[in-house]
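All chains are identified by letter, namely A, B, C and D, in their written order; residue positions are counted from 1 within each chain.
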């Protein structure tokens, strides 16, 4: 950061006392920026491109960002506190509202943690349904992300419309299966809430079969677009070491070449059974982060096809699981899954009572924002918006 | 800044299957504390390290480290050539308020001992839990716990942000919601609540503000509060 | 057709919302502007990023106490006539998160709300229904007499005091001039 | 060549524009108030109370057990149990909800009340056009507004309703068979004991007839 020998507020300590240079101090707030050359602006919490109520305090030298401080908490709705005063089951519908694009993966992460805590087994059909719904969630999250990213770059409308069009088809599937478009509340400890309605799996197959056509269109529209490349390549480069040290996860981490996908590393659910590849980038810039999502969608389609071919009949809930009066034995567990945004973890401590003693969510969106300032420094202010868009945050999860 | 607008060639992702990430079959399990402790004792003289058991089925035990050596222990865990815990996934606080427990103690003259129930006060403390994984060796988790001596004034712990940057925002959150003071944290401000907020809301003894003017479906405490409010309103009108 | 009707016809068919999303409901709000539901058919496709150009504020999502001053300020900056739709349970009453310490139990404590739309989140069709109810309300407003809307009354307030963030809670906790909840007596059961 | 990517993209938008007239897969606008999307059978919005028969105050399935009130995550249900009892569909006297309020300005449509209800009394409705200007009375649904006939439930959730109706018919048949068997057993006992005590004969028919009497009174 450039140093600015600007005005410093000089405050004498005591009138009449002998003064040396030590007697002067800087007041907080009157900082190095007030020499007139730098501009401090606040982007958000109401800003069209901060993806919700996110706020960034940006210091600009002309158009160049010299300092950026994210400000959180405008959507802090006390999910953890509420969950600690309610039963284990009651927290499940609240998890839908964490990352409100991906309610089903949130359900899964929470169910996984509770299953670890209570030692429940998930029947095979339920595992298949979990994989199918989670991969559909990944698809609809990534198409929306790509649309919003383009919107942030000024491609107002078209890519977002195309993205939402495909998302609607997937939301129709969710609505037919779970009863709600966004807040599915579908998974239960030891399985899923209800079996598929008749003909649902065929509907999924139809959507899966038509999705590659959409992806081709989307790539034709965008991936080789000169404006997109100019706005994203070389912008917001994240280095491998910083990414690991800062705990970055998900496609943002893999865009700088780190091979770490929890579906492979932990092998939770039935993922070890499926053949799929993990896309990796080399540059860690905004374009790589965008391409990670596009390539991941193609792999997700492959997983979906395999799952639809192999899904067996059978029960969907562990008979040991209880809806009411669920009390796990004292202990603690940390369950994590590869959510579309990164590693989503739930840390639970049980003291044997019907409500969790400690209920903590490890939000990928929040932790991925650790490096936001590092990515934005030295770029133009308009690029902060694309960098933020490519990190893919959802404020419900950042602030919880 | 890199030149923009040039061809995509420099940024093309290789679609060759071999270039994609691969499955790490059967990730190696982490060493037990007994295997690590001798090495650690040499590296950090005076460290106390103990295992906190976890009775949940299949869940991993956690390691409690004293707060004076927490920072050097964290550096050791990150830099040790077999552990290589380069990724700190989750940081969270846990509030354990003061509680009384009943213990059975044998008392009386030797030979004529009696079993007496005594109540004992377990002092409260705040605990910070770190979940560590290794991205390089693909193993984990190692659960690291650090505790403050009390919940009142002495609530400072060393910040592990110098070791793992991922702690930066999460430790700020713990400071905000639990009131743990992290020494040497680069930017210790409230993360979620506004500046000027005076309490730590995730502590177990936090009392939320009373704003229950209209409660058509009240229960338990809220019912009582709504009743009290109604009574006040009737008295004032 | 009277002048009143022509005037209200024009007003009710060009309600421009403020581009302002808070939480989950904002996504359904975006979905309702997309091709499948197409709010443009009702003259409301122009989401203005600036409050100066907007007529309608759709409070779409949970209002936290940290966010309240900004929302009231945005509302104050909007030009009269202005309307508010409280979309979703959280905006109306705090909804499922009303037990939280940082959640405002309904935006109508600080700004007047015209249409309440329950649901968590409401479907895009439901938002369009709410918009239609608002249009109907605007179309039925007389321009003169006692029942005329607020902006035509000389004493009608167009700005509302912005609460201050105190040490525990917002100060004041509500605006008593616009927030008058009825008392619902409930017996204490053992 | 610079610009090729742009031209490719424009060709794609052109293809989409033309395609939207030809291909239903491109999801053209559903003009909402006039035409509607088909409602999915599983779709849920807010809960309602199911009653059997014609009259809501007699046929309400809810027995005020207050399980849903306890389990509701956002605590938006308020129930007051009745003092007296009314016979349920099996003829067994049961409490009923004197007050049953759901605050739909809080309800998060999670369906947990439906899952925990042991009496199939609360189900999810599909009505979503509920926007109102009346903040306080418009959004607090009382028992009378919540009660909807079983035929409504059959119309919106046919699969669930058929299953539940079948189960209830079975239960009822079982209960009737049991009551009949009990009455017969008692009658037999009475006839066996008849020579000894004439008083017992006079008192035996009473318990069997009691539920019917009570129903007639209330």
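The working rule: a contact is a pair of C-beta atoms (placed from the backbone, for glycine too) under 8 Å apart; a residue touches a chain by one contact, two chains touch by 3 or more.
Computed from a predicted structure; not experimentally measured.
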| item | value |
| --- | --- |
| Centroid comparison with chain C (C-alpha atoms), farthest chain | B |
| Per-chain CA centroid nearest to the all-protein CA mean | A |
| B-C or C-D - the one linked by more C-beta pairs in contact | C-D |
| Where chain C and chain D are represented by their mean Cα positions, the distance between them in whole Å | 33 |
| Cα-centroid distance, chain B relative to chain C, in whole angstrom | 40 |
| Chain centre separation (chain A, chain C; CA means) in Å | 29 |
| Chain A and chain D, separation of their C-alpha mean positions in angstrom | 37 |
| Shared interface positions of chain A, touching two or more other chains | 73, 76, 78, 81, 93-94, 165, 168, 183, 224, 226, 229, 399 |
| Of all residues in chain D, the ones touching two or more other chains | 2, 27, 73, 75, 78, 103, 106, 108-109, 136 |
| Touching two or more other chains - residues of chain C | 35-36, 66, 93, 96-97, 99-102, 106, 120, 123, 181-182, 186 |
| Chain contact graph, described as a line, ring, star, complete graph or other shape | complete |
| Complex interface listing, chain A residues touching chain B | 72-73, 76, 78, 80-81, 116-119, 223-224, 226, 229-231, 233-235, 237, 242, 244-249, 254, 258-261, 264-267, 272, 277-283, 285, 287-288, 291, 295, 328-334, 336, 343, 345, 347, 349-350, 357-358, 360, 362, 366-367, 369-371, 378-379, 399 |
| Chain B residues touching chain A - in the complex, by the definition given at the top | 1-6, 8, 10-11, 13, 15, 17, 19-24, 27, 54-59, 62, 86-90, 92, 94, 129, 131, 135, 138, 141, 143, 164-170, 173, 190-194, 201-202 |
| Chain D-touching residues of chain C, taken from the complex the two chains share | 35-38, 41, 85, 89, 92-99, 106, 108, 113-120, 122-123, 125-126, 128-130, 132-133, 137, 181-182, 186-187, 189 |
| Complex interface listing, chain A residues touching chain D | 86-87, 89-94, 158, 162, 165, 168-169, 172, 175-180, 183, 185, 193-194, 197, 210, 217, 220-222, 224-229, 323-324 |
| Chain D partner contacts - residues on chain B that touch it in the complex | 5, 214, 216-219, 222 |
